[in-house]
Amino acid sequence: MKTKENTARLLISCADRPGIVATVSQFLAAQGANILDSRQHSTDPEAGRFFMRMVFYLDDLINKREALDKAFQSEVAERFAMDYRFSRADRRKRMAILVSKYDHCLLELLWKWQREELEVDIPLVISNHDDLRKMVESYGLAYYYLPLTKDTKPAQETEIDRLLQEHNIDFAVLARYMQILSKNLAEKYSSRIINIHHSFLPAFIGANPYKKAYERGVKLIGATAHYVTDDLDEGPIIEQDVERVSHRDQVDDLVRIGRDIERKVLAKAVQAHVEDRVIIFENKTVVL
Amino acid sequence: MKTKENTARLLISCADRPGIVATVSQFLAAQGANILDSRQHSTDPEAGRFFMRMVFYLDDLINKREALDKAFQSEVAERFAMDYRFSRADRRKRMAILVSKYDHCLLELLWKWQREELEVDIPLVISNHDDLRKMVESYGLAYYYLPLTKDTKPAQETEIDRLLQEHNIDFAVLARYMQILSKNLAEKYSSRIINIHHSFLPAFIGANPYKKAYERGVKLIGATAHYVTDDLDEGPIIEQDVERVSHRDQVDDLVRIGRDIERKVLAKAVQAHVEDRVIIFENKTVVL
Amino acid sequence: MKTKENTARLLISCADRPGIVATVSQFLAAQGANILDSRQHSTDPEAGRFFMRMVFYLDDLINKREALDKAFQSEVAERFAMDYRFSRADRRKRMAILVSKYDHCLLELLWKWQREELEVDIPLVISNHDDLRKMVESYGLAYYYLPLTKDTKPAQETEIDRLLQEHNIDFAVLARYMQILSKNLAEKYSSRIINIHHSFLPAFIGANPYKKAYERGVKLIGATAHYVTDDLDEGPIIEQDVERVSHRDQVDDLVRIGRDIERKVLAKAVQAHVEDRVIIFENKTVVL
Amino acid sequence: MKTKENTARLLISCADRPGIVATVSQFLAAQGANILDSRQHSTDPEAGRFFMRMVFYLDDLINKREALDKAFQSEVAERFAMDYRFSRADRRKRMAILVSKYDHCLLELLWKWQREELEVDIPLVISNHDDLRKMVESYGLAYYYLPLTKDTKPAQETEIDRLLQEHNIDFAVLARYMQILSKNLAEKYSSRIINIHHSFLPAFIGANPYKKAYERGVKLIGATAHYVTDDLDEGPIIEQDVERVSHRDQVDDLVRIGRDIERKVLAKAVQAHVEDRVIIFENKTVVL
């Protein structure tokens, strides 16, 4: 039966060379799997990097998973020195959300989650302010208020880390969380924290991008969703978009227009991550 | 050597069922081919249609082509009841252009052809007016002026058909050719004639779409590139795009703004056709 | 003091002829008013229609309003046979929302209302289903459930009309209200009901536009906000937008992608209406 | 008669205060002028800057121009300390184009000029290479080849300056002219030289923006048309646009996609300049 339980995704990244697609697809066919969707990309067939995402189903997958993984490892992955992972389509990823006072990105995520567009579990929302508690709790979600001062930042981050572990979080989203994560935390959750920056990066890195955009007199403003690295606003970009503005728009207007871009861009990026579409390589993303 | 001569594209369309990707990729691997790029799409893995485009290279392809095609036919294609075709990447398609008096779509194509963005040969340009002769001939291209009246239309179309055959044309582009092709010609060159319609189809089918758009008061206007069928403006859509307009724009402004959309949309559609990216199925296109 | 209380908007529509701007601006200057913003449009200076929106402030406007209106009527409007209206910037329009079961457009409006982006009062939400009651009431708003069958439609519309009157509604928004209003109601609230249609009109008029879009194989889908007339989906268009789709998108995907376009387009149209930016003329809108 | 000869544009920039629109429109009405189009903008009515563009016609304008200008100066402009200029709609601006080896921006301009979309005279094209001579001369235009080495740069710029003066140039367009103008020349032709930069400024300032965009892994690339100042890539932005790219696009693809954005953006910016729609203030543009 082609249920979600029997469907899995396979993500592969390795040095490109002849025979990869044939080997992988033949391996899956030999197991009795049927490929539902497959996308691949190669930076250069001669000496480049090969990326692939395959979605397949396999009867009784739930009982065959471990054996499948083991067989793939020994028969295919080692031969091509692959980075790879299998991911069950029926297993909902566990997503934490970190916010401060702005609610628009948070609401967009909750909204899409509520209507089952975004198929995740949200064990908790963490904030350095208490403002959004009522709203979050109205969705039946747990809200953790972790205030911070300059002195308590390390302790607060320790507590964030503890909560993420306690709730078995797969990844976290900074939905306009107005704090810079320490190098420690950024590295520990490498490739597992998505941030929304309110500019079309690499333009207007850092604080107050809308004010800078106003002062520069740009004719388009944008937003960028990226994985967090310890290099501020320099992580791998997942998604970007822009809207047209004009001389009529003051900073306040840019902030208002920007909110709609931010939530759209963040939601798209999170969706891609949840569906295992994103592979990171050399500080860039391949979105398959 | 990975030269263009040794590179080919394989396009497949068939009923979906398990094992297609494995079989095809294994067949190619067994021949010694290396897959450079592969995209596939399935309308529904249960009882849907499967589409695939593979680009591969194979040493000494030029001498192996016939055997390869024959082997693929008997070993793979028959088994899956495939529609398929191999296409050599080094073989430039032969494209005819039909125009009337407007030059913008024509110029866009010639321009991209001249700078080698559009890798085709253009054996001839045909027009029912003589206006654009000088311009076309300045590019070193042959210009055929085939005037027509109501009475001469069948004869003119016979002459068009004869010229297309004489010049071994692979496909033709109606770059704002202001005549409706007869059912006969449309069917004879089915899937091989691309038209640009100056509206966002299916809105404003038929004549004077910009005037109709003005009268309806739309806030966006568009253009549509599609394959010609004998059903006017109803053929499979390859590409569409739009631009924002406002109450300030009169019909003349829509025509001017529209010109830029038309040439952009037509150029993209022709490019996709030339690179063997388009598969037609049930009056729709899959652009891989 | 340049408070909101002292700020007003003047909307004018009349036959174009020399001297309108001079007369109006001089009239306002003579009253001591200062023009903050002014936009005008003329379809044709020779024999066309002239449209203007002026925002001005005037000390102690609240006490001068009646006299100002009267003086404008006799000194300016009659001379140019103007349709005009003054509108106080501090007076929040009273907006009713009609919904069925889909919540996305409703939520977008409530959200922007809650964050004071949309400066209206919402005295009531009316629905032919009871599904969204809890959500609406959680915003502290009144919810009226008016179920209907074929037989009760006239009675239900009478009740809608009564509620709109009782609550002194300025305008109503059909936020995916899945019923066609009767000619009677449409005419009674002419220019005061905004609908969101889930296609890029005039393409895909009527029911199931996403299904029709899928079947036609379009490469962009859209949404259209328009004033309701008794001619289905033919009213004056206020705002439209589109998003790119591909052969990969099934009907369900179009519905999902479309939701985001619908709420964006409807919110923009409502915003323009609320700010008195929209003038209707000959079944089209001028958005100043 | 409403001929082009009798039509003029008035551009105004001054400190905002009550009565400007009334005074200007009354002045024009008193002269017998009819306002065809008017747009204004104020950065802040309290202590901001006011900008206005009015298009009007006046019988026998050609003989009244000097008197009109004089009267406006003494009756209106001095009172409000206005920067202003009258510009005749029938007078074609004289535009020079500077290019190097890339022809796409040049061709777009020549093409729009040839079809009378761009109503300018082009007395000359200047280049530091001889490559595009034939193409330019085929349009019947003069081509000046001014080669340069590091040592001859000052002499070459002196010659450019001399040619611009000799041909009474109103403004110049750098259509991918791959040389940085000296501070001297940039200042001398301040607000009169338009450049196209092949990135979405302020991202990727300086050389090789497409390579930088590729390396950063952005999901959109863009182009920016701006006035040249002596601060590289920092001048007032007139127009910007972007296109979507993906991990599939190599640097070459970005260059190709970028070409189409560059010519579109540059053409729009030049059009706005030619129609006297652009006012520069504090290193930003107001495009009315």
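Just so it is clear, A, B, C and D label the chains in written order, and each chain counts residues from 1 on its own.
As a convention for this text, a contact is a pair of C-beta atoms (placed from the backbone, for glycine too) under 8 Å apart; a residue touches a chain by one contact, two chains touch by 3 or more.
Keep in mind it's a predicted model, so treat the numbers as computed, not measured.
Asker: Given that subunit A and subunit B are copies and touch, would you call their interface same or different according to whether over half of its residue numbers are shared?
Answerer: Same, since over half the interface numbering is common to both chains.
Asker: Compared with subunit A, which chain's mean CA position is the farthest off?
Answerer: Result for max centroid distance from subunit A is chain D.
Asker: Between subunit A and subunit D, what is the separation of their C-alpha centroids in Å?
Answerer: So the centroids are 42 Å from each other.
Asker: So what's the Cα centroid distance for subunit A and subunit C, whole Å?
Answerer: 37
Asker: What are the residue numbers in subunit D that touch two or more other chains?
Answerer: 41
Asker: Going by the contact rule at the top, pick out the subunit B residues touching subunit C in the complex.
Answerer: Listed in rising order, the residues are 41, 200-204, 216-220, 222, 236-242, 246-248, 250, 283-287.
Asker: Can you name the residues of subunit B that touch subunit A in the complex?
Answerer: Per the stated touch rule, the residues are 2, 17-23, 25-26, 28-29, 32-42, 45-46, 57.
Asker: What residues on subunit A touch subunit C, complex-wise?
Answerer: 103-104, 107, 111, 115, 117, 138, 256, 260, 264
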